[in-house]
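In the two complexes that follow, chain A is the common piece, with chain B as its partner first and chain C second.
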Partner chain A sequence: MDPFATLGLPRRYALDLAVAEKAHRELSRALHPDRYAQAGASERRDALSRAVAVNEAFRTVRDPVSRAEALMTLLGIAVGDGHEPKADPAFLMDMLEQREALAEARASRNAVAIADLRDALRATELGAQAELAAGFDSGRAAELVGKLGELRFYRRFIDEAQAILDDLSDCASTA
Partner chain B sequence: MAYSDKVVEHAENPRNVGTLDKSDPTVGTGLVGAPACGDVMRLQIKVGEGGVIEDAKFKTFGCGSAIASSSLATEWLKGKTLDEAEQIKNGDIVTELNLPPVKIHCSVLAEDAIKSAIDDYRKKQAAKRAST
Partner chain C sequence: MLFEIFDPKAAPRPVGIDLGTTNSLVAYVKNDKPFAISNCDGEVLLPSVVAYDDDEIVVGTVAKKHAFERPSDTIVSVKRFVGRGADDAETRRLGPYHFVAPAPGEPNVVRFRVGGGRVVNPVEVSAEILRELKSRAEDELGRVGGVVITVPAYFDDAQRQATKDAGRLAGLDVLRLLNEPTAAALAYGLDKNSSGHFAVYDLGGGTFDITTLLLDDGVFQVKSTGGDSALGGDDMDRALAEDMLCALGWMEAEKARPHSLTPHPRLSPAVVRLVLDKAREVKHALTSRDAVEVQVPLSTGGEQHLTVTRGRFEELIAPLLERTGVACRRALRDAGLEASQLDGVILVGGSTRVPAVRAYVERIFGRAPLADIDAEQVVAYGAAIQADLLAGSGPRQDVLLLDVLPLSLGIEVGGGVVDKILPRNTTIPVGARGSYTTQEDNQTGFEIHVVQGERELVGDCRSLARFTLKGIPPMPAGIARLEVGFRVDADGLLSVHAKEATTGLEQTVAVKPSYGLDDAAVEQMLLEALDHGEDDLRARRVAEGRVEAGRIALATDKALAADFDLLEAGERDAIMGALGELRAAASGSDPSRITAKIDTLDAATQAFAGRRMNRAIARAISGKRVDDLSRDVAGAKGVEAHLEEHRR
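Right, the complex of A and B next:
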């Protein structure tokens, strides 16, 4: 299934989130069960399954990782377990060092250091997304599978840093 | 998702977490990552006389299954010769930890880390022989 077509969006990596949100909102409204209250059973079922597809498509395009995966799949490029190149050793070394820095900041409950690490990785993530956008637009998608892998490492790190920060602020507010 | 008891046990009490001196010529370091999920794993072995693994350490940033897989791998590695260590297969880890299909890649990562550590040690030894 093509999530871009489902939402009536151009099949591109660069995404205007506001446009995607608007498309999702309008389609969801048009397919709302209330509008089909008088319709026949098969028409109602059809509208419902289209509404589900619209939600799923929006979730896919909204996320930078799953958007890249969807585009690659549409282009016939295999992604996921066993299809992707091994990460570059220098890249892994860098990620490991960042992870160790995060673990240290967590152990010393240093929220500022954790936020700094998160923000630095966010900047790196945005850079990787810009590279993906340019690469997809110039038809070099097949060369970008490694970059997609890097994006997952960044995402994983950022999610973890955020979870630690949330945890620290929960503890602080209940203390 | 429910983890097996053995995974929980290793994830909560990981064995052999730590670092060996990677510039030591008797230490082999394996650094691997899983692009499909973003886990990073470092596994190190220290090889003594007769090619027997004296010590093994790991550091894994990832899910409980990845931590348990590497923790188990270091336990298995100690006391083995390099040739024996090379025989460890990810399937052995899957069986021991009762990993579900979605977590098999964690055991693959651990096997990769073992191979990569052995490889690093052998390269160091070959370089040492070449320079003497």
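Right, the complex of A and C next:
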């Protein structure tokens, strides 16, 4: 399944989200089950399957990690468990330090420090995305598998930091 | 009877139903505007109360009067029990009912023992309310066509399925389940022709929803939703009732756990019902007054006086409001929005009449909320508009609702841990796939436990269903590859299908809902609900078949007219032939013949339908809308001229 083709988008990592959103919306207008409420059973089933495919495709291309995975799969590069090389030890060391800092900030309920850590990683994440975009465009996709691994780390870290911040603000507001 | 219902002169009209915790209503669209349908006394709101007396069932205002005399036989706020297990926490709260535990092997649903020695479940009680609304709509419109029923956005799969089952049991053709906040947004958005980001704060009698959505160019795209399907005006009443009972000395707070109340042994169901009703009256009165005096009659004669101030009431409901606040903040975060970025906040639900609720919403969102469409009717209006759209009769064909999954879906993996397969707030319809293998040699069955919720452990999430895959070919352990597909449709309902990848064999999937009725149980209720069992069921099947046949014939006619150029040689004749046969079958009274002819037409149009869909996709991708195209065509030559050419 090619999510780019499903949405009628060019097969590129550098993606204009607004264009993807518009494609998703117009395809939903054409295929949403509401459009086929009066149709016969097989037509309804067909439309439902296609609407599901459109939503799945949009979910895939919207997310920077799954978009890279989809592109690599389409280029015949194996990704996922057991296919990717081990991460660079220096990178792992760096992430370990970041995690320790996050754990400390959490223990001391320091929301400012957590937000700083999150924002720093966000900047790094954007850098990694730019590298991926350039690499895919210049046909060096096979060399990017390691970068994709790093991107996953950043994403997980940012999500965790955000979850901690959310918990802190919920507790503060109900206390 | 049949003759009257299928009066060919009256075209079936689509309607929208708000099946509420406290009140329900039905609405329809006339001249592009939604109208609520009232009964002969001019009442629009039907109290969601069903009284089961020894020999009759009454619904609404009349049933409400029975609630005091026969508190255990009169089911109030049944929505709070819909789709819940017999052991649900809801059954242990302050209330006047007699619950019946399911016998071993029976579905795990709430059951009430009511008058006449009957035992009823929430689906049956809800169906009584829907039947009443149906007959109200039939009195006004002649015939009722497709129906949209609203549900709280935060309803899980079991609660949605139960609502749909109730519709079917009431003899309704349920086109869609629509989320209540989305319905309200539809009514507001189309009325005001607005665009931008909106939040809908919906606090009803028993449920709370918060939804954020983006309105743009006719598309209502839900960005996030959250809530609590057991939080509403009833909880305010209960908190107040418990406070009043304590003040009267009929209930005591435990010394060790001050928040845990113990009812006095002499507290009867009738007193509980009375005090709950009094509490509701007090709540209503406090909307415009600062203090209310209550008289509670005593069983020993005389009455006791009690004063409740608005301050005390607001103190009691503050924790409830805080719970809505947490959900609001989460919904904003999930949508990636700040409160200041919103273009409007819409108030929905009777409980938003409480001044403290309005003040709280204003504080959370930093702006005065919109409440200019009746908060108790706006949801039904939205449902009516959606029903009209689905029936294809409305002029607003570019309007589209894109809703989301309210709770994450996951499956149980080893050690009672949840593996999330679809996160909350994913746009529906949506699918996900998983790959599994067998644990033992020659294992021919495989069970998948699906849960809904945000927590990591199965025990902390809500169990939805166990799907058993059967007929896996015998193989050594670990060889079979089961490809399991999960799909959530536009009603938010889950289905599962599976294939064994090495052999390509489709597996049958047996569903055992954790808190609900399986298909057989629904069939059985359907049969029991009809006076003459099999005969009535056959008549109903004929009726349903005719509606379906009429719908498909019309859709086929429209498709032939719109995309005649996509027909291949001979296809048109085959379709016309199948159409003729279907029309003939529909004028007869053999339900299986109608079904068979529907299938024939379906097969004859399948390839054509696929080509039409491809065309729709191509147009969508090239950025052209069908209405633009038809204008282009009309400008060039005229649609009628095209059609005329084709007919010749």
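Operating definition for what follows: the second predicted complex is superposed on the first by the 173 of 175 C-alpha atoms of A that agree within 3 Å, B and C clash if a C-alpha of one lies under 4 Å from a C-alpha of the other, contacts with A are read in each partner's own complex, and residues count from 1 in each chain.
The working rule: contacts are C-beta pairs under 8 Å (C-beta built on N, C-alpha and C of every residue); 3 or more make two chains touch, one makes a residue touch a chain.
All of these numbers come straight from a predicted model, not from anything done at the bench.
Participant: For the overlaid complexes, name the partner, chain B or chain C, with more touching residues on chain A.
Facilitator: Result: the larger residue contact count on chain A belongs to C.
Participant: Considering only touches as defined above, state whether A:Ala87 meets chain B (first), chain C (second), both or neither.
Facilitator: A:Ala87 sits against chain B, while chain C stays out of touch.
Participant: Go through the superposed model and pick first if A:Leu27 touches only chain B, second if only chain C, both, or neither.
Facilitator: A:Leu27 sits against chain C, while chain B stays out of touch.
Participant: Which partner does A:Tyr13 reach: the first (chain B), the second (chain C), both, or neither?
Facilitator: Once the two structures are laid over each other on A, A:Tyr13 reaches no partner at all.
Participant: For A:Arg155, select first, second, both or neither according to whether it touches chain B, chain C, the two together, or no partner.
Facilitator: In the superposition, A:Arg155 contacts chain B only.
Participant: Touch test for A:Met95: chain B only (first), chain C only (second), both, or neither?
Facilitator: Touch partner of A:Met95: chain B, not chain C.
Participant: Once the structures are superposed on A, label A:Phe136 by its partner contacts, choosing first (chain B), second (chain C), both or neither.
Facilitator: After superposition on chain A, A:Phe136 lies in contact with neither partner.
Participant: Name the contact category of A:Ala41: first (chain B only), second (chain C only), both, or neither.
Facilitator: second
Participant: Once the two structures are superposed, pull the chain A residues common to the chain B and chain C interfaces.
Facilitator: No residue sits in both footprints.
Participant: Per the contact definition, I'd like the list of chain C residues that touch chain A in the complex.
Facilitator: 146, 175-176, 217, 219, 221, 322, 325-326, 329-330, 333, 386, 389-392, 398, 400-402, 426-431, 487, 489-490, 551-552, 554-556, 598-599, 601-603, 605-606, 609-610, 613, 616-617, 619-621, 623, 625
Participant: Under the touch definition given earlier, write down the residues of chain A that touch chain B in their complex.
Facilitator: 80-81, 84-87, 89, 91-93, 95-96, 99-100, 103, 146, 148-150, 152-157
Participant: Sort out for me which residues of chain A touch chain C in the complex.
Facilitator: 7-8, 22-23, 25-35, 37-43, 46-48, 50-53, 55-56, 58-59, 166, 169-170, 173-174
Participant: With touch defined as at the start, can you tell me which chain B residues reach chain A in the complex?
Facilitator: Result: residues 31-33, 35-40, 42, 59, 61, 105 of chain B touch chain A.
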